[in-house]
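In what comes next, chain A is part of two complexes: it sits with chain B in the first one and with chain C in the second one.
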Partner chain A sequence: MHESVVVYNRFRFLKAATLLGLVAIVLYAWHDPAGGLPNGGTWLGYGLGTIGALLILWLMWFGVRKRSYGEGHVKLEAWLSAHIYLGLSLIVVATLHTGFQFGWNVHTLAYVLMMLVIASGAFGLYAYLRYPRLMTENRRGLTLTMMMQQIADADRDCRESSMQLGEEINRAVLQASQDTRLGGSMWRQLAGRDPNCATLAALRSIERLAEKTSGAEASALRRLVTLMTKKVDLLRQARRDIQLSALMQIWLYVHVPLTFALIAALVAHVIAVFFYW
Partner chain B sequence: MAERFTVAIVGSGPGGLSAAGHAAKLNVSHILLERTSHASDTIYKYQKGKLVMATPDILPLRSDFDFKLGIREDILGTWDRQLKEQGVNIRYNAEVTGIKGAKGNFQLTLADKSVIEADHVVLGIGLQGNLNKMTAPGAELPHVQYQLDDPDEYDGESIFVIGAGDAAIENAVALAKQNKVAIVNRSAEFARAKQGNLDLIRAAVDKGLVEAYHNATPVRVTANSIVLKTADGEVEAPCNRIIARLGATAPRKFVEGCGIQFPSAAPSALPEVSATYESNVPGLYVIGALGGYPLIKQAMNQGFEVIEFILGRQIEPADEPLLKEKFKGLGPVAVNDVLARIRANVPIFAELNPLVLRELMLDSTVHTPKPGDVIFKHNDYSNTFYTIVDGEVEIQVSPDDPKQVVVLGRGAFFGEMGLIAGRRRTATVAARTNAVLIETARRTMLKLIASNAPVKREMDRVAIIRQIQTYMAPNTPVESLMELAETATLQRFGKGEVLFNQGDPGDGVHLIRSGSVTVSRRIGGRDMVLNYVASGNYVGEMALLTDAPRSATVRAAVATETVKLDGEAFKRLLAHDQRLSREVETRFRERLENNARMEALPEAGSIIEFLVNQGVGEATDVLLIDESLCVRCDNCEKACAEIPSHHGMSRLDREAGPTFAAIHVPTSCRHCEHPHCMADCPPDAIHRAPNGEVFINDSCIGCGNCQRNCPYGVIQMAAPPPHKPGLLSWLLFGLGHGPGEDKSLRHVKKEGVTKHAVKCDMCKDVEGGAACVRACPTGAAIRVDPKQFLTLAALR
Partner chain C sequence: MRALVTTLTKKAKGGVARRDDSVETDMLRFGRGADCEVHLSDPRVQLHHAQIVFRPGGYFLEAFGQADFEAGGQRTQAHRLNAGEKIQLGPYEIGVVGSTGEHDIALTIELVRPLGDDLAMLRTRSRISLGGGGLGKRGWSWLLFLLIAAVFLGAPIFAFTMKTPSPRGFDPAAAPHGLLAKADELWLSGPMSGSHKFFGVACESCHQKAFVQTEDQACLACHATIQHHADAKKFQFASFEDRACQSCHKEHTGNAAIVLRSDRFCTDCHAGIKQAAPAAGLDDATDFARNHPPLRATVPVDAAGKLERVALTGRRGPADQIGKAAEQSNLKFPHNKHLGEKGVRHPDKGMVKLDCGGCHAADPGQIGFLPIRMEAQCIECHQLRFEPKALNRQLPHGKPAEALAVLGDFYAAMALAGGVEDADAPAIVRRRPGTPLKTEAEKLEALAWARAKASEVAERSFGRSLCGSCHTVEKKGEEWQVAKVHLTDRFMPKGKFPHGRHASMPCGDCHGAAQSEQASDLLLPGVENCQSCHGSEKAADRIPSACIDCHDFHRPGLPPMRPARQAAVLGR
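Let's look at the complex of A and B:
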């Protein structure tokens, strides 16, 4: 229907980033430093380093721009598209800047952090492109609040219809009701399912009991099974929803802190270069 | 023997109160009859602490009672004191049930069967009517109420809402946010409510937010429960509050019973009154909201004046200084002379009664352009109406060639298309000589047309010819169009009604002058939408060109008005006019192609159908979200709340609203072609900005009419939340809520502040335009004009 950040403005920023990368590669191949191997200390090395550092600062600025609501004429979508492609171009620019000289030092640390930021960004992009649609499909017109409401209703119905069904079943349903968990820790959110789902466990044991009963009690049990199944399905749907929205957010909790670590390492790298080289 | 007075005043609203006050001052024998146990029931029922507005500010107050901007309690307190001080003869609990007799000898019957006689009667009963009450035993208990001021006031209660009309549904849905709510409906379906509310309640019931009892009536109420009679017998349910919204009986029947005539059967029609507020029954006067003046100050002025008129005195109308100011540009001339000149020169205003003409002029602006001055431009979004008192203007009918003009002279009018189809101006108009023009607000003109048949007839006649020319045959001289125009009839279609069916014989062409339609065809037993056609286009030419039956069904997407032209006359015109014939042929071919492509793409047709069902067809600019891109970050909502003039409240609810094929229609204003919200705004606070944004200005009095009238539920009544700490204080010290709206504040009760209507204004004052769209990082949020969006090209 309309463009995602990837195709934004006919790949305008992909073109810009590719151009930047190509120019860097051509210059790198062509220039022949006096001291033998190319590295960060040559004129090209300084040039690429400056460009890289400025790019990183500009990429960070995105966090500020994102919150300058109502300001600036350029859509945030354009910023993100540029952020992604120019961020990726850093792989070329910064790698060439190192001249492939790595070691156990602050310089390589900065490089590795940068690559991690980029990798997390790449995952984020994947998440942004893939999960929204899955989320819409999973929701089937409900919002999470509505799912919660329906779960609460289903739970009440289960408890009510288990009232006359004997101590054992009653206890199982009540236990399931008390142990119903949604969300919780980061891992549980990301897991998207609960292997120890109390309602599911209760449902299984009720099903076993149902096989052994007959007559009026059996039909009451069938009704309870239907209700419990409904609740289990709703729980599954809600957990999937929580999982997807966690997936769309979790990577930012890696991307952003790593960005700050990167800035620290970058500053150390620059100081080290100018004062101790 | 019955008591006798010179004047009997019915209803102690601001109108009746002021009339009685003036009668007391002048020692005229009088009685003021009030149905309830207190004065001014309409204002008494306002929300507690409401700030009552004294709009229009420029109108001077003329009354023996005081009134200025203030809190409801203060105003009612002042009036109660002044009622005593001025010796007004008021009788409470005195509902008038009938008025008989004639001038000099009226008999008013009260509910208790006593009779009062009077020479003159002033009716100031307003428009609120009689609330229908619950009859079940226990209905008098204090937790049974007939009104809901503020749904946020209740939390964690178990509430039963009785009734299935709009008010009941709105209350039930609003209360369900924080309470356990059930709605009790006498019949099997929710049928009486408007579409938007039907959708709301069905969704709320489906989702278990509201419990619905159909075919149920309350039989008993106790302090903590309610007993309902249902199809399965009696049910008792715990309940600690009952809100009965059983509607009101409009005052019309009572008024007609007094012999007063209404100009039409329309529910909005009001009795016609003379310049002295006298109705068709001599001696029986109508003032205030019932007479068509929906504001307090107007009602009070009329109360004062009506007593003067009854005493046979002529007084200068209160608006005289305002009109004087309006006519300043015309030099030192008397107001009455200007009015006489308007009447003499402009035929459509010639027959208006002086009161109506003055009122019209109050809502108008007088312009005196010089030759060459542009009045409005092609594609402007203004929708006012112009009449020419003197001089000439030229209409540039072709946007490409400014030389091609039509000249209009004294007495003519222009800009009428803005009244009919709330879309952009279709031509540029400039003054040709020095001229005197009257520019009248759209709402005022619509009101005039609705209440005045001759004005409507004349406007329709001229408008039809102009519309044929503008929308169908811009290059054909008017004379050649006359024959076709003679055959034209105006036809109206409600939403979903059929203009013609596939297989019908082709008998004519429909020119859509307002609204829009969908074109669909039955394929494989299913209706498939092939096209969406907006106003300013025609449909139905295909069958005529091929002499075959209709190849598709055309349905109104929203309330639609068409000019239907006779098929034979249309063919004769084509036979004469080669150029037009070619244009029609081209369009015909384009449509054939479009239909063939759409049949191959059923998905696109379903999307059009879905969006049209969501009312997008009547939008001029609607926010859509592509859910295959939306990462649910709510940056759009946050950006909206952060716009300074939005006072921290988001005007859009991203998550609410339906989704189809990953297209989500969030709850946000669509800037309708004919905004429903504008229909009934007492201070006329809702307008359309030059770029098409529908916005509410500061004169909003908080009456809630627009919120009720908007079918899409996008208007909120809200008081601005307290000042929020800035972004830095939040970042550094954790103060406040951070970017976006703190929705928990919506439920905080605020004393002494009024809620005003707030809605999306498309960031009309923000540089760069709509903040929601600009803040969306993934490009999921888009604003579209359905004219461009509901097409094959956009949906492919």
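Let's look at the complex of A and C:
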């Protein structure tokens, strides 16, 4: 993603969102509800609530719109820019709608879910602005497939160069080539490293063994250690790549399901308010 | 031995390639080591894995060290070879062909379990994308949506259908129990007001119909006697017929909004009440500090007790009240003499110093004071003794005819008994006590004295020394008339002044009693006196004071606000 989403049309949507937020704040400060306590049931409360609910529905429409890239009159870039800024403006609109009344109820649940959706979206924006460059730096011209190919090649090289070495070393190398994995569970992918990496464990034990050997075997071991070290570096690079792309995906796993949770809570909130009017 | 080792390799296009190696050796070693006769280049095979040797009984396959192989379904370290059998050595299968013409032993070797493609295996082991596993975004979306909809929408609606509102508001015994019945508490939008908390969890007490705002009947179930704000017949616009209780009384914001405290709700009308309702006789008011009409006391203004509202002023303090607004109570009472520095003369105790509390006792609610009564506050000093020689006798208070009768009886009895010590009295009543009166003429003479004496004492007592010192007394023919006393209980019936909450202030800060010589002085302060401490609703330098701090909206004494419905509730 390009930074143009942020600066799109000279911050057109930032300006719109700021205006909306400022108008809401001024009205909130100016209005003087019965009993002196602002809440969702005053004219301003109903007004801000309606704006907020419509905004949420419109923001959700982005999920539909983005699937039809290139269609429609408005560029997807404009949609996304508006999605980001108007989404952030909900922080002001919805918070003022609550009148800062919070409790263990469906109303606060809807608010909390909305804030979590916004927070995950904000992280998504951060991820798209920051991680692609880190990814490029980390890849050094390779793709993940190329890295994996090189890892596989390294495995074969290691096995071959350990073929004439002792059983213990041979077994370690074989284990390293058969048990090493990239990524894995969500946490493992996000962690970007594998504390139980088979290759790293094999390298450590080979290094220990190398200390006890000498002569021709020692030079064969040195070559093996070099190969294994190269493989460990490749693994580290691949895992960082997987971590960065996981970070760029993970927020959507929060953003989308919580949005649907929010819609359920929002519907329950609106119905509850008028059911028990 | 001479051995023939045939290496079998499966070809990609099908079929098998064979490569024969003929070996002449003492022992046929299998292993990945370069020095092995049969070189098996696979890391799953040991450097020196096994060897075939000839021993008595035939050819044996024997493993080196810890290595082993599988023959006849058994893992073993030594095995005699039989023609036709297959032996698993690591990933290799060794077929024993037996002896041929040229060779003592012929074997086939095939890699049956190759290591496989490293890249493909790495891909199989690795999961490098977040997608694919678990519920996925769509699954989680549905799950959360349905879960929240069920718990926060379905369950509360079901809870509502379980309940029927009790006709008398909340009835804990009739309320359904269980977790599901309480599900509608999830909808509670804010804290209940303090007075409603005891039934606050029973939503159906107020929310009796779905999608209908709380109806008056729910409120009237408890507040059946709530009064009007003004006389609805005279001031139709102040009847609030078109409003529901909940239009003004908003619940679920704690104590803040259930009783409206904002002046705005009063000044909406009262800023222009003089024009809007001239008959009400009210002045406009918008703000306690800046625009509040003078306080007006409702007091009797003539001897007959006609009530009027008299404006109070007291800009320079309590002393300013003296001699201005007049109250006609038909009493004579110099406050200054009672509160004098030297005190007052008590009949038995000598000089006694009085203070306000000596006579004015707070009512139990600490709002006003108990009424002043002769029998309670005055009589200790102002005893109604009429005869110095009979200090134990007193006239009854408040009953002039009875008092006259007491005087008549007392002196008649004295005349009939004799022994009167008055030098001016006739001899017949001064006779020795106990001497009986002999003739009718003597009796008549004695009683004539008694009547005259009673009349004289009455004249003195009623007219001056006893009754007349406090009351306005008039003699009409033979009848004494004491003017009816008009003591005011509430000087300002439309306002509230809780004396108890002002108890830390000296009485004299508001009431100029110490300087007042006349009972007609209306010793009440003007609004300016209040304003020295109390400010506007949102005052920063005074006690913030809203209309409702002194005035009720639903006014005590007025008829019910919603007569028909209230009668229905009360009659049930």
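Keep this in mind: the second predicted complex is superposed on the first by the 269 of 277 C-alpha atoms of A that agree within 3 Å, B and C clash if a C-alpha of one lies under 4 Å from a C-alpha of the other, contacts with A are read in each partner's own complex, and residues count from 1 in each chain.
Methods note: a contact is a pair of C-beta atoms (placed from the backbone, for glycine too) under 8 Å apart; a residue touches a chain by one contact, two chains touch by 3 or more.
Note that the structure is a prediction, hence the values are computed from the model and not measured.
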{"item": "First, second, both or neither for A:Ala261, with chain B first and chain C second", "value": "second"}
{"item": "Chain B versus chain C as contact partner of A:Leu76, first or second or both or neither", "value": "first"}
{"item": "Partner chain in contact with A:Tyr276 - chain B first, chain C second, else both or neither", "value": "second"}
{"item": "When both partners are placed on the shared chain, which of chain B and chain C touches more of chain A", "value": "C"}
{"item": "Touched partner set for A:Gln149, first chain B, second chain C, both or neither", "value": "both"}
{"item": "Partner chain(s) touched by A:Met135 [first = chain B, second = chain C, both, neither]", "value": "first"}
{"item": "Partner chain in contact with A:Arg67 - chain B first, chain C second, else both or neither", "value": "first"}
{"item": "Contact residues common to both interfaces of chain A (with chain B and with chain C)", "value": "149, 153, 245"}
{"item": "Chain A-touching residues of chain C, taken from the complex the two chains share", "value": "32-34, 41, 43-44, 46-47, 115, 117-119, 121-123, 125-131, 133, 137, 140-149, 152-153, 156-157, 160, 184-191, 203, 207, 210-214, 248, 250, 252-254, 256-258, 260-262, 264-265"}
{"item": "Residues on chain A engaged by chain B in the complex (per definition of touch)", "value": "1-5, 8, 66-67, 69-77, 79-80, 127-128, 131-133, 135-136, 139, 141-143, 146, 149-150, 153, 245, 248"}
{"item": "Interfacial residue positions of chain B with respect to chain A in the complex", "value": "207-209, 626-633, 635, 638-639, 642-643, 655-656, 658-659, 662-664, 727, 739, 763, 766-768, 771, 773-780, 782, 794-795"}
{"item": "Chain A - residues contacting chain C, complex", "value": "32-37, 39-41, 101, 103, 105-107, 109, 144, 148-149, 151-153, 155-156, 159, 162-164, 166-167, 170-171, 173-174, 177-186, 189, 242, 245-246, 249-250, 252-253, 256-261, 263-265, 267-268, 271-277"}
